[in-house]
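Across the two complexes that follow, subunit A remains constant while its partner is subunit B and subsequently subunit C.
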Partner chain A sequence: MAGYAAIVKKDLMLEVRGGRITTVLVSLALLVLVVLVFAFDRAVAQGPDTAAGALWIALVFAGMLGATRVVLSEQENGCLRALLLSPLDRATIYAAKLTASFGFMVGAAIAATILAMLFFNLEFSMSLAALMLVLILGALGFSALATLLAVIAARARGGELLLPLLIVPLFVPALIAGVKASAAVLSGAALATSRDWVGILIAFDVLFVTAGYLLFEHVVGEE
Partner chain B sequence: MAAPVIETHALGKTFGLTPVLRETDFRLAPGHAAVIIGGNGSGKSTLLSILCGLVSPSEGSALVFGEDTRRFSPRYRRRIGMLSHQSFLYPNLTARENLEFYARLYGVSEPRKAADAWLERIGLGESADDRVRTFSRGMEQRLTAARAMIHNPALLLLDEPFAALDSDGIARVKAMIREAADEGCTLVATAHAQLEIEGISFELYEIVRGQVVEYQEKDEARRGGRLRSLLSPRS
Partner chain C sequence: MSKPIQNALGLSTLVAMLVALFMVFEWVPTEAEQGIVQRIFYFHVPCAWVAFASFGLVAVAGIFYLWLGGQIWDDLGHAAVEVGMLFCTLVLITGSLWAKPIWGTWWTWDSRLTTTFVLWLMYGGYLILRATAEDTPQVSKFAAVIGIVAALDVPVVIVSVRLWRTIHPAVLVTRQGGHGLEDPRMVATLLVSIAAFTLLFAWLLMLRFAELRMRTRLGALAREIALIRFRAGAA
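Coming up: the complex of A and B.
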């Protein structure tokens, strides 16, 4: 547990100091939302479907660049090797990296939601709390997937370029479920009406958190 | 006789189609020190990577503390310290934060105190709160040595430990290695050629065509005696 806490604390400390991931996450979310709000017709842009779509596009793009940095930054000076040499078991390293990545994704989700409220004239209401819950479920699944695949990318030449090609197709089921549930919530419906979509998000989270926890050792195992 | 800390049987490693190590039998008793000499790409680093469990052998086996390195459990990894070509340091953390982080990873009690003690020992006490990215190569290497030893390992793997160090840095790192040896730590070092630390008598090995062999005196003669100083008895 001390090792887990040490890695999470170190990642947060590095981020507070460098601020690279937060800057990327927020600026990318801002960029996507600005482009989409001006690309759509005004009437269309006010709709919940558009807002939900824009929010998830921002989240996925921001996550792709931001969440994976938590793992890729360990490449510098061979720090990933040092973690593997340490007495921590691989699953603990995965859990720590997932926690840090998830933390940054939640930060991105909050920033994107605030920006979306401004750009799409969303009202601050209870539906936003439900929306945050949906986004957090999506962020967890995305982080679990991105952390696992980022390790593969870190070990392959040009792996960073490969990462989006690996992540996006696998994330599509959660993306569709997230957009649908978010659109329903933003249109004023209760979250219970989207229980199937939320169920898919939860199933995705369980699947990839478990897969990451079990497979990380094998993915990271041999040089 | 105590069980060897390191024991390899017909150890081999092939990357793709390229064999790097082959048929290597190597034993090292507790508290002993060995230096493995070889040129660039001879397989020295690969051997150390196998011994610390980062790389799996393609053939044969490597036992460290009696445990097969293919199935190295965390409690065995805790007993190994590795000083490699890479520093394993985070440039945006300070020297103290780096050492404290590794102390916590290895479950060292009072990590902050341990970090400060090591910083004083390596002469970086005044730079404790400076970020590592502002360090010179020599300062970084000294910190790297402290990072490798902060958990008082029972086996220290040193991959060309004095690369990029100035004379003061070499003296400090040598002192650290000597203290570790005095405390009974088993040492395996790699070097291109000479490696001499006063007070430590190294068993000499050489990698010849991927095979770790005992260094032969006739080879020394052939090489003009450049390794003679390494053969002095342990004091």
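Coming up: the complex of A and C.
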């Protein structure tokens, strides 16, 4: 537990001192939303459906970039090797890295939500809490997958292209569930009406956090 | 892998395929509503079954590779994913060919089509990893992990896509309800086709697997020769 806290603290401190990942993720979310506002017709770009779709596009892009950065920062100067040499369990390293990339994704999700509310002319209301819950569930599943797969992509040739190819198809079920639940919440329905979708998101999270926790040792081991 | 078994399997695939072709084109009655187009069904369904079976095999081989180690499991998974992708592509193509005259479109985001397409994308990513990375034990572990993760994802994909598109076209519903295959000859033809495609799958898998095993052995031999040369040079 102390080791877990140490790695998370280290990532947090790096970010507080440099702030690179947050800046990149927030500006990426902003750019994605701006592109979508121009890409859609103005009449279309008002409704909750479009806003929900735009939010999830921003989340997926931010997640891909954020998770890659969190893993790549360990590749520099052989940091990953040092981590592996430390008396820490591999699964603990996974949990810590997952926490870091999850944190960045939640930050990006908050920024994207505020921007989407303004850009798509939506009401700030209590439904925001339900929306955040859905986005956080999606971010957890995505970062669980991304932390595992980013290590693979970082260590295989042609890696940067490989990560989206691997992660987007795997994320499809959570994407469908998340977009549907977000659209329902944004159009004013109670979260209870999308119980099935939230159930799928929770199942996805449990499945891939567990899988990542168990399988991580096989992807970080020495050659 | 012994040559006689391989040849016997190839021969029985040929015979089964010929019987299946005869049944599909000559023996089975034409379906009343869809006409001749419906006959592609006898190829489409066996392809789907084989594709799903081989993706299951990929996950099983991955688990055994991580658990027991051994290049043989990696080669099995590698062969299975390639053959599976072939049949998964055939499912999508034969489905499109059938859908154009019956549904009036090449593609629609129906739950089954979407599920198959997502599977195709997942294993496509896996194959790209195999194609771009070198053959090291590290990459074999990556492939095993991705194979397992993808298989875990399949049930979630099926559930979510079914909820997403709940309205099934009537044709699929009647087919599922057993009304589409009224004639016992249709059921017989389907079963023979499934058997023929399973044999074809086993044969292709065996060929590819044998080739990969041979490549592994050649690699080991090459390393041994290099070592002997190195020692001779040093001495």
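Keep in mind that, in the parts below, the second predicted complex is superposed on the first by the 222 of 223 C-alpha atoms of A that agree within 3 Å, B and C clash if a C-alpha of one lies under 4 Å from a C-alpha of the other, contacts with A are read in each partner's own complex, and residues count from 1 in each chain.
One rule holds for everything that comes next: a contact is a pair of C-beta atoms (placed from the backbone, for glycine too) under 8 Å apart; a residue touches a chain by one contact, two chains touch by 3 or more.
Small disclaimer: the values here were computed from a predicted structure and weren't measured.
J.: Just checking: does A:Asn77 make contact with subunit B only, subunit C only, both, or neither of them? Give me first, second, both or neither.
T.: In the superposition, A:Asn77 touches subunit B alone.
J.: Applying the document's definition of touch, where does A:Ile200 land relative to subunit B and subunit C: first, second, both, or neither?
T.: In the superposition, A:Ile200 touches subunit C alone.
J.: I want to verify the contact counts: of subunit B and subunit C, which reaches more residues of subunit A?
T.: In the superposed model, C touches more residues of subunit A.
J.: Touching A:Leu85, do we find subunit B (first), subunit C (second), both, or neither?
T.: first
J.: What residues on subunit A does subunit C touch that subunit B touches too?
T.: 221, 223
J.: What does subunit B use to touch subunit A in their complex?
T.: 49, 52-56, 74-75, 77-78, 80, 82, 84-93, 97, 101-102, 104-107
J.: Per the contact definition, I'd like the list of subunit A residues that touch subunit B in the complex.
T.: Contact set of subunit A toward subunit B: 2-3, 5-7, 10, 13-14, 17-18, 76-79, 81-89, 221-223.
J.: Using the touch rule from the top, collect the residues of subunit A that touch subunit C in their complex.
T.: Per the stated touch rule, the residues are 145, 148-149, 152, 155-158, 162, 165-166, 168-170, 172-174, 176-177, 180, 196-197, 200, 203-204, 207-208, 211, 215, 218-219, 221, 223.
J.: Write out the stretch or stretches of subunit C touching subunit A in their complex.
T.: 66, 118, 121-122, 124-126, 128-129, 132-134, 136-139, 141-142, 144-146, 148-150, 152-153, 156-157, 159-161, 163-164
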